[in-house]
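Next, two complexes with chain A in common: one pairs it with chain B, the other with chain C.
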Partner chain A sequence: MATIEFNQVGKSYGSVEAISDFNLSIEDGEFCVFVGPSGCGKSTALKMLAGLEETTKGNILIGGKDVTDLGPGKRDIAMVFQNYALYPHYSVRKNMGFGLKMRGYPASEINARVEEAAKILELTPYLDRRPKALSGGQRQRVALGRAIVREPAAFLMDEPLSNLDAKLRVHTRSEIVKLQRRLGVTSVYVTHDQVEALTMADKIVVMKLGVIQQVGSADELFENPRNLFVAGFIGSPGMNFFRGTIQNAEGRVFTTFGGAEVPLSDTLASRAGGDAIFGIRPEHIVMGKGKVETGLSLVESLGTEKILHFQIPAGQTIDNSEIENDEEDDDRDAQSMRARIIDDHKYQNGETVKMDFPRSKIHVFDIETHEAIK
Partner chain B sequence: MIDFSSPRHRHKLGYLLIAPALIMMALIIVYPILLSVDISFQDVKIARIGSDRKPFSIENYEWLFTSGEFYNSLWVTVRLLLFVGGTALIFGFACALLLNEKFKGRSFARLLVILPWAVPEVVAVVIWAWMLDSSFGVFNWILLTTGMISEPIAFASDPTSAFFSVCLVMIWKGYPFICIMLLAGLQSIPEEQYQAASVDGANVFQRFWHVTIPNMLPVLGVCFVMTALWVFRDFAIIFVLTEGGPVGSTKSLAIMTFEQSFQFFRMGRAAAVGVITLILCAILSRALVSRFAKSVA
Partner chain C sequence: MAKRKNLKPWGVGATVIAICGVVLFPIYWMILTSLSKSTELRSYPPRFLPHDPQWGTFSELLAAHPFDVWFMNSLKIAIAVLVLSLTISVLAAYALSRFRLKGGQSMGLFILTAKMLPGTLIIIPFFVIFRQMGLIGSLWSVVIAQATMIIPFATWMLKGYFDTIPVELEQAAIVDGCSPIGTIFRIVLPVSAPGLAATSLYCFVLSWSDFLFARTFVVTSESLWTLNLGISSLKGEWITDWNIVMAASLMASLPIIAVFLFLERYMVGGLAAGSEK
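Take a look at the complex of A and B:
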């Protein structure tokens, strides 16, 4: 059990800076998730914490002890890898006991601990099999088992679910969270999948290009994204964005969407006349009332919920490079917005509908810095 | 006209395409083997295609199993195999481990290692023969001028020196191939296994023992089989260096086969030696390959 601290940690490969000014403190027993698109440095940060990658600046503390100059074996951590990294020539039992054996534990204690961990992970029938004879989910549990028998100060997990199929991934996700709660071990988990981050984490660290964008709980990130990147990255389907001018007329602060007034918070009055980027989440759009009128370009029905697509008025679109979110699995279409609705109305393609963007649910971002404007 | 793209006929196209290669194999490999088995059971002096068959006899094998010459050759071959195979494997593995590390000039070092393998065998061995020459050779010169020996070593005429000279050249010629094979094997070991082992607290020797060695066993096995087979049939190195002498100390089965057939013109006996060599090679490769194939499964 231990706290983890990153102080001004940096990593550069020659002149290329992979990670800069990484400051983070993780509480004892906390489940912390590093999330971001590929190449954002989240895995590098984890490997630096594990001692598998050298830091070029700053220091890392585990349990208050500076481990920056210690090897991975001396940091009292356990790690779960994306491809499990099980030793193919050893049985499950030997795989799980390997770390204890390397630390010179007596065979009887190794065996007792392995049996105990196997019971927790329901691996007892497979203890004498080789990894090859196991399914993906079982291998994944063996990798977890190898980590928990050691009773380390911290668990590090590098995309441990990405080799599993979708159904098993959801199941294992909750298993990991339950296990972590039960053992109370500080955990750092790396993923590119924001759904995993939102569902598992006590603390989410959103990263982009080696820089921390925002640290907070799932709710904080969802409700108060600090910048355009976090706003677009967190949530599925992602937040809708459109461009507009902040206007102030007769005490009413508003912008327009295709000619219709969209009321804004009064605190924006001082920025009247300036352009901004506005964001609203698909589930916050209210259908059937309001001043905005638009034709639906596509209706996707998922049974209970429906995703309605509609065009952003000409001149108000934002291209994807501005959002700087190049996630492959994000199917964002820069020309249209999406609303996520659960109601009984049967929507038709091409139907003209009324909708409202509630004032309290509109996020406003600076057009230059992309920082959120409060 | 058969449509080979249809699933029903697809396999026929496969057979059709492989047929020329199979026919070639049959002509240049299988037929000579059968022919030499046939000759080994006849008392043939000089074999001529189309000449009359001699009566069936097991005389050649009787001679073989009662002559000290055959057992000497067999013993020379086994010693060569163990010494050359073992040393080349260790040396090649060490080189592969070095070349697998990241360092400046690594590609140049890889080129240097592969060089002995790329030089034509006879050319290389002639150079070695000169370097090992007892009067003019550079080896004796170095050993004499550094004072390590007081009189020149007769590399080619002393039985022990001759044997180890042959071993030296064979290892020099053979290890690059092993090294490249093992290097490929090393590169296929997932980096994460090493990372997991270091997180588990294994030091560099423990990582070598618990990760590198088990992952490499199949490749090491294949390498040993290939080196063993190479030692069995290599002819040029021994022939150019010592011609099998002195007093038979380097006369391997391959040299003996040559001697019987083209120096004594006893084709029947030569064929018998060849057949025995073939059987030994088959047993050896079968045993090693299946053993190591099992360890990967």
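Take a look at the complex of A and C:
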């Protein structure tokens, strides 16, 4: 168990900067998740921590010891790979004990530790099988077992759930969290799935284009996103955005949405007359009251909850490139907004509804810098 | 439709039998000739089944000619070529597969040029070099010449196989504390067993079937003759005992069959199955 620190770490491939000014401190026993769209540098950061990629700048400390120039085998870390990377010519037992054997542990201790880890991961009946005789979930557990028998200072996991089906992924997700809590080992987990990040992490690091956008707990990121990218990336469905002007009339600070007043925090009074991007999460929109009146373009029923789609008034839309989200991952329709509600009303496509954007739930972002305005 | 379905396996079976017949007939003819009397060899119509098997032909061959010497020379050369070629090819193929070398792709293609040159062309510079090195009349000259021709293609065969092995397997081993060289021996090579077996067979067969290099570099030293050189000497100026030649050829083929049977168990594709998702 150990703390992990990245100090001014950078990585470049020729003139291409993959990671820049990466500063991060992970506490002992903390579960830290790197999340971001494809190509944001999260796996590169993990590989630098593992020693599988060299850093071009800065240094990395594990347990207070500078490991920047140490090889992966000398960093006292264990890693779980996206494709499990089990040794196909070894049995489960040998796969799990390989790291200990390389470190010169006696056979009796290797066996005892492997048996113990197998018991925790319910792999005892499979110890003498080869990986090809196991299911995807079992292989994943063997990969985890190979990591835990070593009792390392830190676990590193590179999208370990991405090859599992949806149901098994949810189950294994909670198993990993329980295991990490039980062992108390500092863990760094990489994923592009924000649901995994939000449900598993003590600390989430949101990345884009090799730069940390925000570090915080799930609640902090959800409630106080630092910029437009984080606001759009965290949450499912993502935050709704519309463009507008901050107005101050007769002591009321507001913007408009299709002509209807949307009240804003009084702290924005000094910015009156300026344009901004406004954001509200789908679950924060209140239906059935308020000044905003709009027709529903699509009603999606998910049983208990419903996703209601409605158009953003002309001239108030922003396009996806402004949010700078990963196009592959983003299902956002720039022309419409979504409300996520749970009520008994039977909504119909085309129905005109009233809705309210509560003042305390509106996020405001600078139109140029995209930074949050408090 | 049902009729067409029934015809399909028959058609496939007939095609397989026809191909096997074409491929195996020369071998059958070799066996038949080796067991026939020399007086029967030119009889017409030819016999397609052994009439009175002449097993004595084999003992006659072994008694009259230094077959064991030829055999041992061929075996020594094949083993040396196999070890030399595999050692160099494994390291070269691993480097080409795993490291981003400057001009690596061009280098990979360049090494194939040695294979593209016909043996009859490359043998002249070989002869000059070996004469200067004092290797003419030594088995090493044959070993080096054969390895030079085999290594480029063996490297490409192995590179193709190494490319299919996920790099994460090696990364996992390195994180587990294995050294880079240890990773090659403990992980990469065992996982590459099918590729290594196929490459070994290729090296062995090519070395075993060489005639040109042996004929050029060791023909003057009879004690260094290889099997192919020895068998070619069985052809007389006026009369050739084809049953003796075929008996020698049959015995010379046995090691290749033995090597194939030994390596066949490793040549099962997909050993890496199960390492990934």
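Just so we're on the same page, the second predicted complex is superposed on the first by the 372 of 374 C-alpha atoms of A that agree within 3 Å, B and C clash if a C-alpha of one lies under 4 Å from a C-alpha of the other, contacts with A are read in each partner's own complex, and residues count from 1 in each chain.
Simple rule for what comes next: contacts are C-beta pairs under 8 Å (C-beta built on N, C-alpha and C of every residue); 3 or more make two chains touch, one makes a residue touch a chain.
Please read all numbers here as calculations on a predicted model, not as lab measurements.
Peer 1: Report clash or fit for the pair chain B and chain C bound to chain A in the combined superposed model.
Peer 2: Chain B/chain C on chain A - steric clash.
Peer 1: I'd like to know which partner A:102 touches here: chain B for first, chain C for second, both or neither.
Peer 2: A:102 contacts both chain B and chain C.
Peer 1: Applying the touch criterion given at the start, work out whether A:216 contacts chain B, chain C, both or neither, answering first, second, both or neither.
Peer 2: neither
Peer 1: Which partner does A:131 reach: the first (chain B), the second (chain C), both, or neither?
Peer 2: second
Peer 1: In the overlaid three-chain picture, which partner chain does A:163 touch, first (chain B) or second (chain C), both, or neither?
Peer 2: second
Peer 1: Quick one: classify A:139 as touching chain B (first), chain C (second), both or neither.
Peer 2: Once the two structures are laid over each other on A, A:139 reaches chain C alone.
Peer 1: Hey, is it chain B or chain C that touches more of chain A?
Peer 2: C
Peer 1: Have a look at where A:78 lands relative to chain B and chain C in the superposition and call it first, second, both or neither.
Peer 2: In the superposition, A:78 contacts both chain B and chain C.
Peer 1: Looking at A:58, would you say it contacts chain B, chain C, both, or neither? Reply first, second, both or neither.
Peer 2: Neither partner.
Peer 1: If I apply the document's touch criterion, which positions on chain A are contacted by chain B in one structure and by chain C in the other?
Peer 2: Common to the two interfaces on chain A: residues 50-52, 71-73, 77-79, 81-83, 85-89, 98-99, 102-103, 146, 150.
Peer 1: If you look only at chain A, which of its residues touch chain C in the complex?
Peer 2: 50-52, 71-73, 77-79, 81-89, 98-99, 102-103, 130-134, 136, 139, 146, 150, 163
Peer 1: Quick one: which bits of chain A touch chain B in the complex? Just the residue numbers, please.
Peer 2: 50-52, 71-74, 77-79, 81-83, 85-90, 98-99, 102-103, 146, 150
Peer 1: Quick one: which bits of chain C touch chain A in the complex? Just the residue numbers, please.
Peer 2: Those residues of chain C that touch chain A are 166, 168-169, 171-179, 182, 187, 190-191, 193, 271-277.
Peer 1: In the complex, go through chain B and note every residue touching chain A.
Peer 2: Going through chain B, the ones touching chain A are 190, 192-193, 195-203, 206, 210-211, 214-215, 217, 295.
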